[in-house]
């Protein structure tokens, strides 16, 4: 499996979601028989989709809507929603700024400190409207705001960074987050991520994670690979981490779901992630295209506001329909970005998978990359076709 | 052959038509000596090309013309032609609608029920003009309209879905099609598809198929891989299914042709499909470019009208010549989309293949991918780039 | 070496010129010490480059200029030059026609028969100006005009078709060219091609070829792979055919040069072809860009005028400098299309090769394809960069 | 490891920087704990980045600034700075010339001879402002100006050509540079390059090199692969050459740093080069984008002025910020071209590497290629697409 890339340097070939396709087998299924339900942190959901904790994707209203529609949305507790009493004029400014002034504006807006009382208020707002209060903190935020969240009545906490590990070295002046201690102390389940390896997944599960987020580098609003050189193609990362979940389950009988996070755009991407072993997916930009999304047709990454090393860009994803259309249809678009539930059910029917556990076992082929839009625009321009 | 894409997940590398090229050997042949004839369901044809059962491709007139020219056209019995007494104003509306209103219009137009008397009438119209009446039903349509077609005098029936299997699970309220029973009861030969594996091909042949259609995912007006993640690169699919045909023939002496269906645009694509083992090909968009095609320069997929999960898009393929030019030349274009018969004969001459059985044995190489102009035009039109 | 692309179908991976790069070793060389001379049909040349027998590339004047500059140009004896007493107005019309009317015009212009007296006259014109008269016939043309050429005083004859073989099947009404007989009967050396395999190269050499042309499919004005599905990536084809040359030489002591023909654009392409084993290269479009080229900035393939199956397109290659600049510099462009001799010498110096035999032995690496212009245009458009 | 590309021709698969990505392991690190310091020729530097000896990148002022910021800049001693008393109007002309007249202008401007007294003056100017005087000569220049530089008080000399070897064949009229003798005679350390193999690296180290430059072909302003066919993908070249460094160190205890030179645009590229084994990197175009760079937003290669075989093009790289922003931040851009130090530290933190030696050991994966915005802008500008 190890390939020599030079004397004394070997590397493993890792595969991305775009490089695989799912192959039908001997059985097919009526899509209505496909059961897409799953459980995360004791919470049963019909749709294996979680909206990312990003400021252009989830606010209180979206969290409630996503709950009602059978999915889940995670509120970022260190973003616009908890720094500003009224986030709306702030979101208007982000949507209105020019491309060249975007980074500077973000650095300015995110310099305002998080207000603990807004953490409490946002969680209460979600709960009072009957939504599931899933919220997100960075490891540093977990140290600072952990006790606030513990007392807030939130249903599920995500502690997420680009990369987490149970063996983090910090300067002496900083007291790093003890992941295992945090999981034990919080009164609600804690999902941890992101990671990309079998070993770290196992460590996070043993630290008490209620779910593990998998994915470093592949997201549409994420530029880790360009800026840092860091990234693991997602098909391989999901398969590796799912293997840790399965081994832990076989040993202990405890099942901790693995969630593919990053770079998933279409229904096909979601189906392929599950086929690689994921229990659910976390998606950002596809949800940012909902009419109800707080981003007003824009989407940006969580590392964007970093004053020192901003990463991620603001992408104009546009608005293509309601969140209900995007999740449950009926589809008004035929490009795979509407009716994700229908897509997963139809794919499961095509592949003969009765539930997500069977979907994790379908045959995967390595296939030539699709003729992407980009390649076509290129060549079309060469051929003199205008747009 | 199995490649690890992660712990406990292996995948097979499958090859697409664009990834292969045909390699000349020691013998060449004058193209006039190349015999391209074949037989499907007892019907002898000079050209191994079948026009797809799509509403923009085949109507009564095209079915007759294709028969006269030595090929075959399949009429979709669940489309515009059998829902509307006069399909012309409907086809005008489809050609005239804006891109954004297309899906909604299609859902509205295809909501009108199929009329069994129109099934009978269209078949009679083809027969009365001397054409071969090859017609198409979905599995659900076969249950509903099978007896109508049985009595209609059609020469050949195609039962086609994105994926068929002999082991389909349905809800109790639905009585699924028994493929073997249907093949036995129909008074004319029945072609079945689509499938992509050795096992399913063998099952369909044993169920009584007169021909098996091979291809899931690769078509220009098909977006299965994007929406569902499902697809098998066509070179591999055709080779696998052709092996089932050969094994069955060696055991029983009965030869059931395998037809490559989907994603074929140029003469080169057709030649390569046969070299992978196909007996014939089914093509849609290249035929939709004929002046006589019902689509008025547009082409759309069979899953487009789905009210829940529309797939496929309307492509402005344009009109480039007569159906005679496209099938038999003389070519007015030099991009491989005119004179398919001449292309197959010239390719066979270059490769020294005297007939299609020899063409199935020519040497195949895996070659760096070629982004042909034709594929780009197709895709660019899908993306809304005008010319 | 054989890869399974499906049950019972194996294929070989073949490599294109764009997929390889040359790797420096332990020795370097001053470029002035690099000896690029070679011999074809007893004729010594300083530059291992032959201009293709295409109507936009070589006329009488170009043949003379190429001879003077140390290279070679081949005159097409079945093109404009031998059909028309005065080719100039014809070439003006080809350069002036619109893209859509090009194929029709070509079919009309090439319908005029070849005039044997013009064959004689053109050869005499080249000889009278001190040029080397290298000329080209198709196999069918060799049957018809062989005796005219035999008597004409030409120095070298190329018999070229897309694919030649010593085992060509013809209809009874046609008397095919006997390659071995032709080589024996002609009073001057005969180069044969094109082919792509070890076996056919060996057969052509044994038939008496003075040189073998290698290449099917890769040319810029050639669309064999798209139209016919036929093509062999050039690095593999050249290496295979060069092995036949070497084996024949080792057995008999007779050295028959192998010429890479098709798809070569830059000095780098030429260097890589030699490194794969070629003794020389045949190039068309790079020479068509000379101010003195008959194509007036346009270039088109030899199969373009086919009335039945036209292939190849007219490409507007533009005019970038004199033929002297293109072959010997000084370069006015820095993109690898000027000063081919300097490029080969500099490459040989970099790689430590003192002569072409050593250049055939330098180390080749398989390298990721260059970031091509096309890919960049694509992405640049996506990023909003105008042109 | 050897792959057959044809009969009797094998090749090695070499990997480029774009084909790899870095994979996090079990440990992470606070970026403030990442130590990026290194030593070259006895000079300690905080940042492992050297600005290329190119006329658009380094002049006296930039050399001083780069020294102050913890990096290093190399002054080209055979360029504009040493041919012209006042380089400013010359640099203005280069920035102002049209694309078509660029090569001719360069050939004219570089025809003026180098003035030894300007070599002395420029070095004195750097030293008098407290900068580190790192300077560059070609092998031919080293013969001519070696004694001038020896007496100049420079701190470090780079002798660089596209390819160097210790076994260079020259015509008798030319006395080639004796690399070992030169290293011994010069009073300051001498860095040698470029090379791409284990053997040549070892020879250069044994010849007395204080550092070895690695990279042939991959640079943004370098067209070696297109013009000459020569190039080795950088991940493989760096790994091979680093292995020679390690073997020599294990034998002798002497550590000679290896510097990756060419084609590096983003922070991610720098991180990946180190992970392949480099001790530092040399970059040109990313530094040419600094407001203080002498190129006025333009960048061109060292082989551009060659009167016979010009290579490299003038690229409009634009001006994106100060050199401090580019090296140390804070970043005003989020595309990986600002704050290289921060990027390296963050990457090291993500990967758990405490220092550069640990960074050389992180896990590398082969990943599907990423076409980054930065690379596209570069190439697009080469192609003349404005922004």
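Just so it is clear, A, B, C and D label the chains in written order, and each chain counts residues from 1 on its own.
Following the convention adopted for this analysis, contacts are C-beta pairs under 8 Å (C-beta built on N, C-alpha and C of every residue); 3 or more make two chains touch, one makes a residue touch a chain.
Note that the coordinates shown come from a computational prediction; the quantities given were computed from them, not determined experimentally.
Counted as hops between touching chains, the shortest connection from chain B to chain D is 2.
For the two copies, chain C and chain D, the CA superposition rotation is 90 degrees, given to the nearest 5. Two copies of one chain, chain A and chain B, form a contact in which under half of the residue numbers belong to both partners.
Centre-to-centre separation between chain A and chain D, using Cα means, comes to 39 Å. Chain A and chain C have CA centres that are 54 Å apart. Among all residues of chain D, those that touch two or more other chains are 14-15, 236, 371, 373. Within the complex, the chain C residues that touch chain D are 1, 14-15, 20-30, 32-33, 198, 235-240, 242-244, 246, 266-272, 275-277, 329-336, 339, 342-343, 346-347, 350-352, 354, 363-368, 370-371, 373, 375-377, 379-380, 383-387. Residue ranges of chain A in contact with chain D, taken from their complex: 3-16, 18-19, 103-104, 107, 162-171, 174, 176, 195-197, 199-200, 203, 216-217, 223, 225-233, 236, 304, 307-313, 369, 374.
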